[in-house]
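In this document, chain identifiers A, B, C and D correspond to the written order of the chains, with residue numbering beginning at 1 in each.
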Amino acid sequence: KMSKEQGYDVITYLADIGQDEDFEVARKKAEKLGAKKVYIEDLRKEFVQDFIWPAVQANAVYEDRYLLGTSIARPCIARRQVEIARKEGAEYISHGATGKGNDQIRFELSCYALYPEVKVIAPWRIPEFYNRFKGRIDLMEFAKKYDIPVPVTPKAPWSMDANLMHISYESGILENPKSHAPADLYLMTKSPKDSPDTSDELELEFQSGVPVKVTNTKDNTSKSSPLEIYSYLNEIGKHGVGRIDIVENRFIGMKSRGIYETPGGTILLSAHLDIETFTMDKEVRRIKQGLSVRFSELVYNGFWYSPECDYVRHCIAKSQENVDGKVQLSVFKGQVYILGRESPKSLYNEDLVSP
Amino acid sequence: KMSKEQGYDVITYLADIGQDEDFEVARKKAEKLGAKKVYIEDLRKEFVQDFIWPAVQANAVYEDRYLLGTSIARPCIARRQVEIARKEGAEYISHGATGKGNDQIRFELSCYALYPEVKVIAPWRIPEFYNRFKGRIDLMEFAKKYDIPVPVTPKAPWSMDANLMHISYESGILENPKSHAPADLYLMTKSPKDSPDTSDELELEFQSGVPVKVTNTKDNTSKSSPLEIYSYLNEIGKHGVGRIDIVENRFIGMKSRGIYETPGGTILLSAHLDIETFTMDKEVRRIKQGLSVRFSELVYNGFWYSPECDYVRHCIAKSQENVDGKVQLSVFKGQVYILGRESPKSLYNEDLVSP
Amino acid sequence: KMSKEQGYDVITYLADIGQDEDFEVARKKAEKLGAKKVYIEDLRKEFVQDFIWPAVQANAVYEDRYLLGTSIARPCIARRQVEIARKEGAEYISHGATGKGNDQIRFELSCYALYPEVKVIAPWRIPEFYNRFKGRIDLMEFAKKYDIPVPVTPKAPWSMDANLMHISYESGILENPKSHAPADLYLMTKSPKDSPDTSDELELEFQSGVPVKVTNTKDNTSKSSPLEIYSYLNEIGKHGVGRIDIVENRFIGMKSRGIYETPGGTILLSAHLDIETFTMDKEVRRIKQGLSVRFSELVYNGFWYSPECDYVRHCIAKSQENVDGKVQLSVFKGQVYILGRESPKSLYNEDLVSP
Amino acid sequence: KMSKEQGYDVITYLADIGQDEDFEVARKKAEKLGAKKVYIEDLRKEFVQDFIWPAVQANAVYEDRYLLGTSIARPCIARRQVEIARKEGAEYISHGATGKGNDQIRFELSCYALYPEVKVIAPWRIPEFYNRFKGRIDLMEFAKKYDIPVPVTPKAPWSMDANLMHISYESGILENPKSHAPADLYLMTKSPKDSPDTSDELELEFQSGVPVKVTNTKDNTSKSSPLEIYSYLNEIGKHGVGRIDIVENRFIGMKSRGIYETPGGTILLSAHLDIETFTMDKEVRRIKQGLSVRFSELVYNGFWYSPECDYVRHCIAKSQENVDGKVQLSVFKGQVYILGRESPKSLYNEDLVSP
């Protein structure tokens, strides 16, 4: 809106990466505010295949715990935004990330890597903007004046980032690292206390380190396209899987408290670790483990499109050539238990093992 | 017994590192078999302080999953055995590990590091021994002939290694990596299904990266000596915490399937990761994380007493100087949930974080 | 001068870290320009002991070739500058590094680490300054107007940084990476062609990884204080030792061509590598080698006073406890040849080696 | 000979990897001793292309100094030996390495990796052999008795390993790490004192990290096949390039003193480091540098044909895709001086650099 006040032609772009949002309402809101054009893009399939799958191959975990659900969504969103900007001949790209977090960095690094000629505008770092809107109340009043609907309500005094892979919660009452998170915070999973009293049992089949099929061995449900597999794992993960409360180190060093729920990703991490160790040479695994730590740092810091991240992704993908096989597991009350595994590429030799 | 047959004076040594065993029965058995002297040594305190605590400081995990419960017990057992051997002037040290596993290596490396003049006898690698006892049946008959009580019964067709930190299960019917473990395998934890329907909540206090106090915030139980803290965490961990089923890479490359339960250690790993990230500089953490991977490999491979493991332990301990503070967590149905944390050494700055 | 024009009280500070400079001329120049106070500080001893020695222990080399002669001088200079600023109650600290290089970063990171309350002024990044002085000619005219003597003359169309450890040459005609450096560039060493036709032979004695004595075995010259040892090695290094022409990666990614001569440092690197491998356990060496790479990157990037650099320095120093012994070497026409070594802490076992 | 005494059919195999040897004499000697068949194989081309070139891409250096001239020859020799053994249906492979060095390990690891069904016979580890030949004198007498010519003469009281890449000298009078090597030891290079008083100047052209052309810019000599390039660099290296005297850590931990001369390899290392940094992204370089350290250790330890070495070679080769360009250098009195470089893939930006 403010961009329009200043005489720019505004094209809005909204990526559907699996967040729970009413895209038609968003479209109308954008049109009402005077957007010249509104792009609403369903990126869920490419998000899974081009971004989540490489993270699964890497066992990508930042600082031993965070599965990078927000970090790997940024380059996915930025890629399409840049495509649109190029197509529309846009000279400027804007985003709404604040001036203290990682997302501004991730977003801008991606844009400049993919479209070096563009200029990124970060309203939260422009004095004209942040002096006008000193806090939430100014924003609310501006929204009210122009009749712009706003999502933040007093009910949820924290901020969220949601996509197919995870929801993160931070800021507000969560900022005090000692305060416990409220029980009703979580939107993606049930509390272990309220989750089903019987387990679900799955068989996950991998090829080259990515899942190609999931089967529920209790009811024979089966999925085999990437988006369906991932969505189904999220559904099963509602047993309370993948909730963490951590303090992490942001790119610029500052520590930040975040609460995450990553149901499908957590199941996949367990299963992939299992099939990988089963099929990969011990020493190759050690080297690849080191590359994965680097990959996770690069992705967290926003360097998905850097030469070094390309390089590391290539090396990790190479290590996955024989990571084929099936893992059986059960999911219950927040936990994932590996039950067994088999593989045509197994390096396990039963004869050798027996004493 | 066979040693005695061959004319050696035999001194037996049995370490109490927290396994569930009737030590008086063991003593009588040893005496009956003709041991000149029987040492039964309670090493539980030193096991916790000198071996488990450094592993906690390191967040020691082998191949991303195994908490090294057997690996860190070996150097503890060997240290005392060597002390006794020196005191008694023994020329030979014997052990019962088989010729295919890691333990023979761990044990022998430790002995030779601490007592280079001694000679280790590994019956399972002596032709005279392994030709006489080609399998379990020969051993059973030998035992029967000399009236030696034996622990392995048809009820548990796998082998176990138990101590204060964990129980491991492998071999026998578990050798097939596809076979699921039987539900009644576990001796240290309850199944999540059978574990309490209410959570336990703990506050764990750390100084220099090791726990100095645990308090159950529901019933105000509190423990503050190392052995008591660790034992209490094991008790709380009975909620089904710390069960894993993995295939791991042994030192000599061969893959092996193992099932482990490490209740207290799993709680401590979560809590330590939390307080460490809260109080440690980001880049120091990265460097220390790399050293910890190396530490875990060294310990797994039996090099506790090597110069490089000494060096890495020193560097890791140095990194823990400011790892002080309290972590609140809840334990429920196999899961550990971090709830909050506070520290006088916190590097977290609430003012910086807010957008 | 410009600072004074703007009404600040100016205190000037000049560090003697071994560069070839007429400090009395510098003092007069500063006084003439109106400095309220002039500090000229002889930091050569502390430069050797507190900065060069840790680099020797680390075998510090950036990108396999650069011995960090400029990088390790910055924190030495900044440390005293901050001491003076604190003593004088200065609110601002200024420096003359340009806006494209590493030195501005190194300098400012050091100042802020040691004196977080101060504000650093970098004239080359202030519009008022760089708009007024668009190039060398403007600066010359300003200097002429105020009668300020300037060092850059048409004779040397490149820039230099000199100290006890090295001289670096870059920019100007050296910027084209294909252009060969002129033969008369070097000020610290002779060309191998013009260097003596007989070798010098030295014995260097180390304790805890730092040299404690150097003896010329041909003429029995001997030095044993840090500054004398280092200065003497520089003298011997005049045989053309330590000249390199490289393209390196600056902190901010940009590549830069630099020519360096580091005579004493190059001799010490060879000798220390030798005595270290002789006295250090193989696996400790591997771990320490990894830490040294990190140390070199940190120092190059200006993080000498960071927590991670402190940590790495501590770990490296720990590794040096047994690095004692003597190395014999010869220096001739640009080369350092190790001839032999001996040590009370040697891990070399002649009996084992013979076949 | 002893093999024949024991009733085996003996096929002899001698690899020409560039050592200075009279192969016809060797053939006759083998025939005289009763070999059923004699293979003398010229492996020089494949040694350069398949073994030296990957080492150049990696900047392979063991423990910061040793260029691995012996280590990378072993897998080259073993590969052909295994081909011959397979073709001839040999059940056993024998070699002459002693029981204390690295070469037995390198050789046997290679054979078993390439031909798992074969059995390696190491005479120096067979009691029947080493009891019969307790020292050099027994061997000499055996040789005399059967009229076998032997190479070791009183003139050279040390052992040597020579190939196209280097000559190593160890044992004998060199075993004492303090003893200086005799001036007449070196066979491949001249002493810097005796080397030419004028430099040679070369331009080396690289594609994908390997040299494709060398030109002497003084006399316009030019070579462009791998073997010719490498041989020419050896010739130029006679200026005394690449002599080192080190103590290294063998695979099994023991320290060993070795003296090496690697003329061509040393020139290539300097040139490759230069063109690589010029054309490779900074962060990719850091990751690749870590992989190279691992590669060098693997090769030194004899794991050329292991899965992890394959993996690392693949990753390193990937990093070299843009390492194209020309390096100018001069060689004089034992030193290599880089003079300049240019590349179509240069990441150097002259505009950015100027202040």
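Heads up, the rule we're going with is that a contact is a pair of C-beta atoms (placed from the backbone, for glycine too) under 8 Å apart; a residue touches a chain by one contact, two chains touch by 3 or more.
Predicted model only: the values in this text are computed from it and were never measured.
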Task: Where chain B and chain D overlap in contact partners, by chain label - done: A, C
- [ ] Please compute the C-alpha centroid of chain B, do the same for chain C, then give the distance between them in whole Å.
- [x] 49
Task: Rounded Å distance between chain C and chain D, as computed from the means of their C-alpha atoms - done: 36
- [ ] Determine the centre-to-centre distance between chain A and chain C, using the mean Cα coordinates as centres, and give it in whole Å.
- [x] 45
Task: In chain A, residues with contacts to at least two other chains - done: 286, 290
Task: Complete list of chain pairs which touch one another - done: A-B, A-D, B-C, C-D
- [ ] Can you check the complex and tell me which residues of chain D touch chain A?
- [x] 281, 283-284, 286-288, 290-291, 294, 306-308, 311-312, 314-315, 318-319
Open item on the list: Going by the contact rule set out above, which residues of chain A touch chain B in the complex?
Closed with: 59, 63-65, 98-101, 124, 159, 171, 175-181, 192-193, 197, 199, 240, 243-249, 253-257, 273-274, 277-278, 282, 285-286, 289-290, 293, 297, 328, 332-335, 337-342, 346-350, 352-355
